Every structure is written in structure tokens, then in C-alpha cells.
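Note that subunit A is present in both complexes that follow, paired respectively with subunit B and with subunit C.
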Partner chain A sequence: MAATTVARRAGIRLPAWRADILIVGAAALLLGYLTIVPLAMLLLGSLSSGSSALDFRFTLQNFQRVLTDQASLELLANSVMYGFGSALLAFAIGTGVAWAVERSDVPGRSIWYGLALVPLIVPGIVHTIAWLFLLSPEIGWINTPLKALFGFSLSVYSLPGMIWIEGLHTAPLAFVLMSAAFRTMDPSLEEAAATSRADPWKTFRRITLPLLLPTAASVLLILFVRAIEGFEVPAIIGLPGRIYVYTSRIYTSLNQYPPNFGLSAAYGAILLFISVGGLLIHNRVTRGSERYATVTGKAYRPRRVELGRLRVIAIGALVSYAIVAIALPLLVLLYASFVRIYTVPSLETLGELTLRNYTFIATDELTRRALGNSLLLGAASATVVVALTAVIAWVTIRTRLPGRGVLDFLAFVPITIPGIVLGISLLWVYFTIPIRIYGTLWILLVAYVTRYLPYGIRSASGGIVQIHRELEEAAAAAGARWWPTFTQVLLPLLRPALIGAWVYIFIISLRELGSSILLYSADSVVLAVRIFDLRDSGNYTTIAALSVFLIVLLVILVAILQRLGGRTVREA
Partner chain B sequence: MERKLATTLAVLGLLVAACGGTTPVAQPSPTATATAKPTTTESADQVMARLYEAAKAEGGQVAFYSSTNTDDAKKILPEFEKKFPGMKVTHTRKSGEALVQQLVTEKKAGQDLYDVVETNLFEVAFVVEQGYTQKYVTASAGDFPADARATDGSWIAARFNNDLPGINTTKLPAGVTIKTWKDLCNPALSGKIAVEQGDVVVYSALRKILGDAEAQNVLKCIAANKPSLRSGHTDMANLLAAGEFAVTLSSNGHRLAQLKYEENKPIDWAKTDPIITDVQAMALSNKPKNPNGGKLLLEWLVSPDGQKAIASTGRVPASGKVPAKYPDLYNFGKLFFVNDALRADFTKDADFWRATLGIK
Partner chain C sequence: MLQVEGLRKTFTTDRGGVRAVEDISFTVDDGRFFTLLGPSGCGKTTTLRCVAGLERPEAGTIRLDDAVVSGPGHFTPTYARDIGMVFQSYAIWPHMTVFENVAFPLRVSEHPPSKAETQRMVEGALALVGLEGLEERPAPQLSGGQQQRLALARALVRRPKILLLDEPLSNLDAKLRERMRIELRQLQRRLGITTIYVTHDQGEALFLSHRIAVMQAGKIVQEGAPRDLYRAPASGFVADFVGEATFLPGVVTAGGIRALGGVVTCALADGLASGEKGLLVLRPENIVVRAQPAGVPNEFAGTLRVAAFLGDRLDCVVEIGDLLVRARAHPTTQLRRDQKVWVEFPIEHCTAIPDDGWRPRALARTFDDEES
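Let's look at the complex of A and B:
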């Protein structure tokens, strides 16, 4: 039997049947519990008029309302426009900055590279609130002079306003993905065009652009899926402006009186279908991209375009980007954190600066609890995901055990589940299963582990593929059993990939809002939720202080982890 | 089956009550004499002393789900903890609808995490109707007007929210005055109004005060002025003070007074007559984690000490025995108390409210 042979070859001295059951069975059960059960419950919830899956009473009423509601087309249109608008803006900014840094001779490339990544650290909710201070119609930093000088203002509470904020926040992701594409691009075709006396524009249009198209399509789809599953901008900007998208509609259908759990599940199911559809198209696009084989993993050194006199314009654009994406949001948060009630800066307000907001967050028990919970959950979810996915990756890559492909699939499925959809799905799970963990840290741990499994599995699989199996075979030949081989041979070699995944999951856990907002209680409050709740209380200046604190905390954490992990973390 | 029957009877009761109360009636002021008697012969202090000992023995904790904003809760609840050393109140703050969602979700998931819930009467009455609370008559109930409590002990209010149109005096267009809700229809206020999107209760009250047709017209013309839809009254009042809009359909009077008198912001409010008075009801959980702690907090909040602590924040205490800090929040008109009977038409009112204002 293949499984027995492989298990023996890998040094497993346990009887083969036990290895099969223990490893694949336990992992499949756990992954099924984490991924399939919530999705099944979501569908059952959306199709039931009962209060739990055990009380299932079939109805199409929720879907009927979602699909035939007069506002449903508007909801779909808003979601699609918001998703594509944000994706296009992020892509344009990210690609522009990536091209300048990777393919032009603009000076100070490493500085621009670092600056372009800074917004990645800032949590979405903090970024959104900063732009609320900047673009509020009457009291925004940008609108006040606009109104005084030109008599008009830009309303942040609009679809363009939402697209601007989301696009600006996801631009660093586009930058990272596109700069990798630019860096690994084979320059020989461009050089051939240049020797054929094609001008730079023609070369870009006829050579560079077609070569980048598959990568660009893939990046755009990732940005689209990320935008439509985002919750912060739709909730904070969209709701006051009556611009509803699926995530905010899920939230409002729960927060109306009385709450409608079935309707929110139906909205969640629709959003899930869109998200899955987007990723299926993404996979289809990237699967056919091998024929554009000039963008590969080989270490090319692409030719840099000499900008000449355009260099000044490029520097000006990069400086403008740094001001808009980094300096302005941070400055407005810093200012707001030192005033009692937010108003437009004036000599009067500058004379009334106070530390009251910082005193509040230092003494507020809920904020302290939220900080502790966030750090604990971040560390726990990162550890669980890394440990679990290391084993799953080993099973899927090193063995021929039946069902290993299913394990890989199950671990990757959550990439398609938006945070708020996972939240509503887990509500239905615990309405049905008598495990009393709603409102505790445990349910948040379940949610975080589920959400971040895909990052863990991709990192661990990528790491194991690069390690030749002969090292494990040598250990087995020397008489080592599976566990010592796994822990003493494989794990040390996998360490860089695992540390990278751990750090990444830890950082993004600290910013998680979409699922936490539906699953927390006072005892299990986390930082992003605390900020969201303070906003509901109108404590904007306190939020500003908490945001400044959170940014400083994240920068310090990233710096420490970078120091501990060295190159590994930087690469992650 | 029994629960369904009870719910049906409750709904029928509400319908009957609603049918009998269509005429707008200004309710007695908070100083009106109450008639209900507490079920205990102990004094309020004796009851609290007894509950305090029992509460300490059960762990000294209270889980308080309340819409009181964090700043005011930080002034009120430490007074309770000071009076009863060893007691610790955990305050979960959310707006009414969000609080109900949290509580219902917890109950459906088999969790009993709260001891006392306090928010708008509409929401608390819904929670009571679901069977998630228990009756408890406080020793100080007799100090409270009839509109501030259920006679059977289902709920009692420790405070009132006076729902008043808020005004930023520096942002109000020249020549515009706001004396009544109809004044918000002025086209000069287009794009300068904010509405709290969960304020269906204000529309329900306006229907009783102005009549159906007039209330509908007022809401439609306010909607024509393209109001900004906000979530949370404190948030909306703070943005009003910052100058984000010129007026609000309905702000909590105490927050307007705090901004005007304590923060020196250019804030005022319309002197409407009657004054929509939103009763903030409290109820005890049917399965409290800390039953004695929960009862102790309830007793204290409606006691003279608790009422004084509430009044010190600028909020309007519900007891007739403790005066409010800012009498100009309610001394210019009759009080129109939001009552349970208004809730009978909630679905219809909510649908009209959402459709008119464009809330999905």
C-alpha cells in the first residue's frame, strides 16, 4: 500500500493504519470543522426560518428578499463599482510607484520602497478614520481650505470617497505584487525593442504591457476580492452616506431591531459566491500565464529606464504619494489625539491641547483588556496556524496518503471567506452546536485560525517543497522515528518560512475587525473592535490617540520581530 | 407553545393599548407622583445592604449592558464601586439596536453574559418580550413616575433622554430659526442636517404628536434635505459641535447641554413643545451570572445616590426626587413620554422611516 510505503520511508514506525487515521483523519476533521461546518451553517441559516440548523424550516424568503428587493441591484452595483474602483486605484498607484522604484533611475529607491510599505502597517480602521478627519465635508483638513478658496468641498461620504480611501489603503499590496513582477521580468525583449529603435513609449505599449497583463489581471482580481470583503470603509464612510455594499448590509441587517440572522446569512452567501467567483477567475487567469514565461523566478537585473528631465516629475509624484498616503493621515491623527472635541485646527484649539485622550486610553480598563486580548489572540492564532499547517503541508507534499489533496484544499478554502461572512457563519454554528464559546476568546481564536490558514499553508508548502526529502530519508536511515525527524530535521530547515508566516499572521490578527465585530463580548474585546465601538460613542479624539498608540505599537513590534527574525521577516 | 401563546397575547395587548392611545397626550412630568408600591417592606438602604453582602459572596461582579456613553459611565459607575467596595461593574456600551443584537445573539448561542440591560424602552421591551429578562421591583420604585417603570417590575428607567433638534449656532444659515420639527424642512438646510438612523422612535412619537399625515410630510421634507445618516447620538452631537452639520433631527438633550455648558461649543437646541422624552429602561437578566450584583446595581441606579450620580453628568434622572443639572432641557414644554404602546406600529413606522430616508 502506497501510504504504508511512504510512511515507512519517512521513518514512521507506527502501524500504517494508525498513521493514516491519526494524521489525515484528525487534520481533516479539524479543517472540516473550521471551514466546511461554518459554510454549511451559513447556507442552512440563509435557507431556514428557524433559529438554528437543528430547527431547520426551509424557506426561500431570505434569498427572495436579497435578490428581488428593489435595492438589491443597487447593492450589487455599489459592491462591484466599489470593488473595481478601489482595485483600479490601488493598482494604478501601486504599479506607478513599483515601476518608478524597480524600473526607473529615480534616486533614493530604497527609501521609496520602505515608505511605500508603511501604510501596510496601519490598520484599515485607523486609515479610514484618518481620512474622515481629512475629507469630512465641513470640518476636513482638505475641505476647509477648499471651501474657503473655491467654495466647494469633496464629500467623503460618497462612492468616490469610499473608493479613494480603500484604494489608497490597498495600494501597498499592489506595489508589493507588481514590484515583484517588475523585478523578475526578463528584459531581453525590451532590449531587443530598444535595439530595433522603438521609442520607450512604444516599447512599454507593445512589449512591457502585454508581458505584464496576466500578472496585472491577477493582481486586480486579488485587490477586487479584498475590497468587496472589507468592512471598515463601508461601515464608517458608506453608512452615513447611504452607500450600501454587501458587508455593510450584513452588518445592518443584524443591527436592526429586531436582528435578522437569516437575512444576514443570505447576504453573506451572496458575498461568498462573488468572492469565490473572483478567485476562480483569478486561478483561471494565472493558470494560463505560463506562456508568458518571461516573468519568472530567475534573478534578472532588468534595464532601468533613464528618466532624464522626467525625473523631477517622478520624484514629485513619489513625494506627493508619501504626503497623501502617509504624512497627512498620521499628522491629522496626531493633532486629533491632543484635542478634547474634534474641530478644525485654529489658534484657539492649538492653545487647548490636552493629554486627556492618552490618559483615557491608559486608564480605560476595556482598552487595556482589548490590547491584552489582541496580543494573546495574535500570538495564539499565529502559533496554531503555523503548527497545524506545517503538519498538513508535510502530509500533502511528502506523503501519498489518500485525501491529502483534500487537506490542502480545505486549508486554502478560507481565502474566499470574507471576515464578516465568517462571523455570521460562526454565529449559526454556535446557535446549533451546544459548545458555549460565543463571546469568549475561544470563538475569536477559531475565527482567526480559520481566516489565516491559507497564509500558513502556502508558506509551509512553499518551504517544504524547497527541502529535498533525502535529508529526512537520511534521518530515517539513521533510525530516527517520524516525530524526531519532523521536529529536529524538517522544522529547523523550515524555520525561516514558518517565522515569516507567524509574524505576518500575528500582525494582521491585531487589525482584524470583520469577524471580531460579530463575535466579541466585553470580556473578549479586541483593539480594532474597541476603536469601532469608541466611534459609535462619538469619541473620535480618543480613537485618534488609540490609533497613534496602535501604529507606534505595530512599528515597534515589526522592528523587534525583524531584529529577531532577520532577513526572514523582511522577506515575509 | 406556551411561549407562543404568551407572545401572541402580549402583541394583542400592545395592539389594544395602541388603539386606545392614538391621541397625542402629554405625559406627566418627572415630578408626578407615583402610585406603585415596592414588593418589599425593607427600605432601599436595607435591601442594598443585604444584596451587597450576597453580591460580594458571588464574586463582586456585574455585567452591565448599557447605551450610556463611555465618558458618562466613567463618572457614574465608579460612584457605585466607591459606595460598595469590592464590587466591579463591566460596562458594555453600544447603541440600542446593537445592544439588542449582541444580547439576542448571546442568548441564542446559549450564553448568559449580562446581568442588567439598559437602553431605549423599545429595545428593552423587545428583550422582555423574548423572555430574556425577569421581573424585579426595586425598593425605590415608588419614587418614579408611572411612565418610568412597568408596574409588574419588568423594567424601570433610571434616566430619560430628551430628544431635541440640536443646533450649531455658527453653522445655521442666516435667517433660519428652528422652533419645531417642521422648521427642518427649510430648503436652506439642504445638506446641513444629520439624522441618527436608528431613531424610528422619534418618527413614532411625531405620528402621535403631529398626526400621521403631518408626521409623514415632515419626514419626507427632511429627507428631501438629504440628511447625513449617523450611527450613535453622541457621535452625531460631537460632529454637530465640530461644525460638520448645522442641525440634527434629534439629539440627546444632555449631550447638547454638556457641549454647550461644559465644552463651550456653539450649541443650542430647539424648544419643541411637547418634548419627546425617550425612556431609558433597565431590566434584569432571566439568567444573570451575578444575580445579586445585578439587583444591587439596579437598586443603586434608582436610589437617590444613583440618581444624583446620573444627574451629575447632565443626564435627566427619572426619579421625581432628584433634580436635573440642566433644567432648560425640559422646562419649556410638556414631556411626551415614549411608551410601550407606540411600539405596536414599530414595523410599519420602521419601514416608512427606512424607505423615506433611504436606509437599506
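Let's look at the complex of A and C:
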């Protein structure tokens, strides 16, 4: 941060024709169009009984329903239980694994570290479907033996089932955040307690716990927000199980006849409100804990707890986690992708393995179109976001132009917008303004660019802060104007960060479901939506094949990203 | 009193290398300021952490006032040792106020003192380091220097038997370091608390210590009073690490070593015999530079390559054949660059020691561009 402020204070001289003012103006307009317009439309829509902003008829009826009627209160209760339940589960798993890897002497730490990140690659919809294969009441791998042995089965179509699947899926995020917290905590803070005659228990209670508490609280909050924003589990598990949360409710109120746009917008506004509130609290908490930073920049040698006899238990827990979270879902998908009809494996079914499902996805017109669309959208949105955010980041960090703070803020706003909420907002926008792109790839491109702006700006700003401004000043001293300096000095230096961001955005766009589901048409279908639709038609073994294909594709892309030295797949 | 005997600790670094502390033995008498001095990676911090109980030694015994705190089959955990420690990062607990940081060691003890007593002791400790009046300040709001003082107050508050300091001044800026060094010395002398200090800064070590142990690659290579280490280093490494010196290596002959095209007369360190490789360590302030020959023993003609005026002295570099000699002359001496000079190595300052092969970083041989 210090570097940023110094750079800002120093400022930079404006070229005579003030091209950058134009650039900033254009960027601000574009960003405002991408972020503020949809949100404004959402609010407008939630306050209207008409079906577009042109047909605006003010009413508070939508909010009245959303806030008071019985079904809505149930919805709130479900959403909160679902959010907190899966956040707690993910936090417990993630923190446990992080502690074992970072703070105990459990063997094979780097292996566990890698394994703990693997589920991040698996798209939410694929993860959910894998668990459907495992826990489906009739044919699930886990349920069939349970029924045979004990005469009961676990129903996945329940709130605990949803919590289990979502919690397991977000656990790696909790792991990443908590292991960072464990790693950046100066171990001499605990050692100082030991030299002050505090025994290990007192040290944990009075030093470790209070120091980790702010981080833990904010991690829980992030997990909560992510859970209630997610669409995959509520749609695939919740809808058949008749357990509704906000995201699935938004979807159903648009998919009924006649669609209730006002109501879905009001639900979207509530969801947005929760999400924004959660992130604001998170920012406050983490800013508060930045005060805690004492002496930084040191690579700490971690203090590891000697587990002794507990080691076996720790290894056992890690192995079972790896089996449950990684091996089982992947195995079940792989198996299902090679059979005709999904059942519990037996010698008989293993004898009848078939490539039929793969042949189907290779030849199916819609699936091929979905793949093409996904790749095209991924490449296009990554390119637009990276180009746009590189310029915005430069302006906000290196210049003193008025309004640059607004640019930075606007580019960050979408991080608070749940995918499905962006979906309804864009529906409202393009039902209203006379740009006829609904049902085309363009509206999806707009959605993706908006969603991924924050990732682009974060990585571009991070890259620019690290480039010493004297390198640019030297170019100026050598007689280079703004444009040659930007293209010949800054961009080449920034290239690794930008390429990393590009591949990262490409990867996450291949998994996007929440906003696509409301915006696609038969022509603009994408991969995640195709999986979702195949499920509607009961084609489970085909879904398995498509899922396996998608995972392989993503693994290859992640490998490329890591080869590029980019960041690991964080908030994927 | 602290006694360390035959201490050994091996561990693998993150990059896979192996670092070790081997056969470390030393004794620190009550009230003494003892320094472990050496370059980074020499094992000085590891040794200190073994004394604190933050590392578990593989072999050796550590006694604190005749009670074994670490030895074969016995290991007293850190929290049960009567020590106070200041960490390089200060390790100030950011979630506590200044008062709470200092009160912590009292509050977690088995028999916590009364509230009033705690108050009194904390105030006393803060007064010792000049932080009185800041009790209610949140700890992260202190400046670097204040955090350092706070760490010291926290280490001293329960009057431990021994105070351990791990490079406590290295995170301060130069001016502040100078001042804290003086305060630390006065404080230790006044309280008479037994202290072990770890540093890589020879100036700090000489300034603060009663005794210094110089460490190299996991071993103590020499231990002694600051004066003795400087005057009579046991090896080239020690001579180079503690102070500045010109090295004059040569084969030992009767009455001196063979060097500079003749014999340099000198005394011989114990155990150094004729025919062995010897090393003469020449401190710049002991070397005399003259414009005219004085006809004294150990006088050699050379060319003055550098004569830099530094206010209180004239720093000289004299070239004698292949050798570049660093010398110090009185600032009023009239000497010019490139003139012929005569250099005397006074016999009373010349004692050859066994040559361990260590050489200081070579002086650059091109002085033509330098100011003189």
C-alpha cells in the first residue's frame, strides 16, 4: 500500500493533448455502464410492477412479499441455515487441514497442500452432480450398501445434504485463506508467550486464538456470502428436494409462467444487500487486522507442533478427507461416464463399459456448440477484461487524475454481485434499452466481462505496484512519450501478470453458470448450462462424460497457469 | 550462572540443506553480558533458542543455576524456564495494549501477583525502558524504537535469571541503534542481569559485552573479552570478523615469518612451529607510515595509493609489492598519493598465528580514479 500512496503523491505529468483524460472518461463511462446501470435497473425493477423499466409502475408490493410473506420468511431461514451450515463445515475442514499442513509435523506436507487445492479445479456443477451419483437415495454408491446393510439411506435432497455438498466444495477456499493466516502469523509471538512462562494451553488461548479470531471471522463471512450466492447446489439438489433458497427462488420465479420479473428483482436486491453487507464487514475486519501487522516481509520459520502419537489420527483424517473430497467424486464421475445406465458398480456393469457417452458429447450438436461458445466467450471476456483493467490500474496507481479512485471502485463493485443477480439485472437492462442483444453471445460477454473485472483489476494493480516507477521515468527521460512508455516499457514488464490474469479468467469463465442460466438461448448455450440442461433430460451418464472432459480441460489450463508462474487458483 | 556443554543441534533448511550447531560449550557468570557473534547462518540464533528451550538439542547439557534445563533424557519446556527474551521482530502482541503486553508474563505465572503488585511491577519495568505513561496505548501504535523498549520491558518484568536477546537492534535505523546500544549497556550494568546477546555486528558486540564467543559454521572458534579478541585473534576468520586488518601470510622461520621478500620479525602464537604456515594480522592503527625511512626493524618501502582525510585520521592504503596494507595516520600528516613511503610494523604488535586460510575480501587494486 505504501508504494501506491507514494506513487500517487508523486503523480505524473500530463501529455499536452490530455489523451489520458479522454481515456479515463471513456473508461469511467464504460465501467459505469457495466456495473452501475445493471444495479440501477435491478432496483428499478424491484420497485415496479411492470416488466421493463419503460413500463415502470411504482409499487412496494414486491418488497412487501419478499420481506413479510410466510414463504419468503422460510426462504430467508433456509438461505441463512444453508449459508452458515456450509460455511461452518467448510471452515472446520479447511482450518483443520490448514493447521495440520502449516502447524504440525504431519509428514508429506506439500502433497497434502496440493491435494487440498484439487477440488478448487472442479466446477461447482460437476462437484454437485458427482455427489448426486454418490448420495442419490435410490442408486447412490454410498446409499446402496447402507440400505443393504442397515435398511436406511441418506437423502441428498435435504438441507443437510445441500450443506454437505456446498461445504465440501468451498473447504479448499477456507484452507487457502486459513493456511495463509497460519503462515503469516509471526511464530515469535507465540514463542514470546512461552518465554513469558505461559504453558502451551495458555499460549493458545491468550495469544494464538485472539490473533486468529479476526481472520477466522472474516473467512467465515466470505464462505457464508459465497454459499448463499451459489446457484449450483440450490438448483440441482434444492429444486428437486423442494428446499428453496434465494438463488433458486430467483430462477424459479423467472421460469414460471408468467415470469414474475419484479419479484425476482426484489429477491435479487435482498441477496445483493446481504452480499454487499458481508463484504463490507469483511473489509472492516481485515482492515482492522492490518493494524496488527508488526514487522512484515519476513519469511517465518513456522513453529510446528509435534503430534507424537496423534500423528496416526492426523494422517487418517487427511487420508479420509482426500478420499471423500477428491477420490470418490472423481471416481464416480469416471465410472459413470463409461456405463450405459448409472447403477452401483458390479462385475456385470464393469464388463459392459462403453464409450457411447463420449461419442455422444463429441457428436451432439448442442454440446459442440456449447464448447465452442464457452471457449469463445472465455477468450473474449479475458481479453477485454485484461486490456481494460491494465489501463484502469495504470491510471489509478500512476496518475493524479481526478476521478481515478472512482474507476478503481467501479471495477471492484461486481465482486459483490452474485452471478444470478447480475443475470436478472442484465435481463432488465436489455429488455429496456434498445440494444437487442438478449439471447446472443453478446449479452453473455457483457455479463462475463462485468463479473471478472475485479479479478483483472486486482492482478493488474498488483503487477503495476511491483514495477518501480523509475523504470517509466527513465523512459520519459529517454524521450519517450506516454504511449511508447506504456506499450514498450510498462506492458512488457506487466506481461506475466496480465497473462496470468487472462488464463485465470478464461478458466473461471468455463465454469460460469449463475448468470448464464438466465441469459442463454439455444444459440448461445455454454458448457455449464449444457450440463444443467442434460440433467433436466435425465442424461446422467452423458453428463458424467462431459464433466470428465471439462475437468481434464481445466486441469490442462491450470497446469498452464502454474507453468506461467501465476497465482494458484484462488477464489475460483 | 548458565552453563552450556557439548550442545548439538542439526536441522534441514527449507531448501534441503543441512545446518548444524556442533559441540558448543560456554559458561556465562552471574551478571555478565555474553555475546554470540558471527555471520548469518553460523548457528548463533540456534544456540540461543536452545537455551530458551525453543529448539530441542540433540546432545549436550544446559544448566541454569545448577539445575539442568536440557540434557540427556530431560527437557524443560520454554515456559518453565526462568528466562526473558527479546526477539528480532520484537514479537509485540498486537491485540494487547502496552500494559497488557508487559503484564502478560506476570498474569500467566503460577502464582500471579496481586493487581496492585502487577501494576507496580509493570510500571517499574516500563520506567526502566523509558516508556512510562504509554500503558494504555495499543501496542501496534508504537514506533519501532518504542516496540523494542516494550519488548525489553516485557522480558524484564518478572526479573528472570537470564535475559536472552536475539539481534534486538537490527531492525532499528542507524541513529536509534546507536542510542539503544548505549541504553542497553547501562541498563544491563545497572540491573546486573545475566544476559546472552546474539548479533552479527562486531561493533555492537565489542561495545556491549563482557565476553564474546565468535562462531563460525556452527562452532565457537574463539571466546574471550572484547580486548583480547581484538588484540589476539586465534584465527584469520576472527581477526577479519572482529575489526579491520591486513593479512600477511608466510612460512614461519626463526624469529618471524618469511614475507615481503624477506623476514618479518614477530612473536609466535603458542603451538606455532618453524616451517608451518603462519599469518600476521596487522591492525591499521598499529601501523606507522612515514615519508622518510626511520631505520627501525620491520620497515618496508612502498607506494602510497590512497590517503583519504577523514577528519580524525588519514586512512591510507600502501602498496608493498603484491600486498595492499591498510594503515591509519595522524590527520595532520603531510602525505601525497603515489609518493614513496616507509611502513613500520612495530614488533610489539606483531604476533603470527596459525593460518586458517581465511582471507578478507580483497582490496580493489585500481586506485587511479580515487580521490586522494
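Here is the rule we use: the second predicted complex is superposed on the first by the 520 of 572 C-alpha atoms of A that agree within 3 Å, B and C clash if a C-alpha of one lies under 4 Å from a C-alpha of the other, contacts with A are read in each partner's own complex, and residues count from 1 in each chain.
Assume a contact is a pair of C-beta atoms (placed from the backbone, for glycine too) under 8 Å apart; a residue touches a chain by one contact, two chains touch by 3 or more.
If you're wondering where the values come from, they're calculated on a predicted model, not measured in any experiment.
Enquirer: Quick one: is A:Gly538 in contact with subunit B, with subunit C, with both, or with neither? Answer first, second, both or neither.
Expert: After superposition on chain A, A:Gly538 lies in contact with subunit B alone.
Enquirer: Looking at the overlay, what does A:Pro137 touch: subunit B (first), subunit C (second), both, or neither?
Expert: first
Enquirer: Which partner does A:Ala193 reach: the first (subunit B), the second (subunit C), both, or neither?
Expert: second
Enquirer: Touch test for A:Thr359: subunit B only (first), subunit C only (second), both, or neither?
Expert: Touch status of A:Thr359: no partner.
Enquirer: Of the partners subunit B and subunit C, which touch A:Ser346 in the superposed model: first, second, both, neither?
Expert: A:Ser346 sits against neither subunit B nor subunit C.
Enquirer: First (subunit B), second (subunit C), both or neither: which does A:Ala71 touch?
Expert: first
Enquirer: Just to be sure I read the superposition right, which of the two partners does A:Leu254 touch: subunit B = first, subunit C = second, or both, or neither?
Expert: first
Enquirer: See if subunit A has more residues touched by subunit B or by subunit C, and give me that chain.
Expert: Counting residues of subunit A touched by each partner, the higher count goes to B.
Enquirer: Quick check: in the complex, which residue numbers of subunit A touch subunit C?
Expert: So the residues of subunit A touching subunit C come out as 186, 188-189, 191-200, 202-203, 206-207, 210-211, 291-295, 298, 301.
Enquirer: Residue numbers of subunit A touching subunit B in their complex, please.
Expert: Listed in rising order, the residues are 51-52, 71, 74-75, 136-139, 157, 239-242, 244, 249, 252, 254-259, 261, 340-344, 364, 366, 427, 430-431, 434, 436, 438-439, 518, 521-523, 533-540.
Enquirer: For a test of understanding, state which residues of subunit C touch subunit A in their complex under the given definition.
Expert: Those in contact with subunit A are residues 14, 52-54, 77-81, 83-85, 87-95, 104-105, 108-110, 138, 140, 147, 151, 154-155, 158, 164, 171.
Enquirer: Show me the residue ranges of subunit B that touch subunit A in the complex, using the header's touch definition.
Expert: Touching subunit A from subunit B are residues 63, 69-71, 74, 90-98, 100-102, 104-106, 108-111, 113, 122-123, 126, 171, 191, 197-198, 228-239, 241-245, 259, 263, 265, 346, 350, 357-360.
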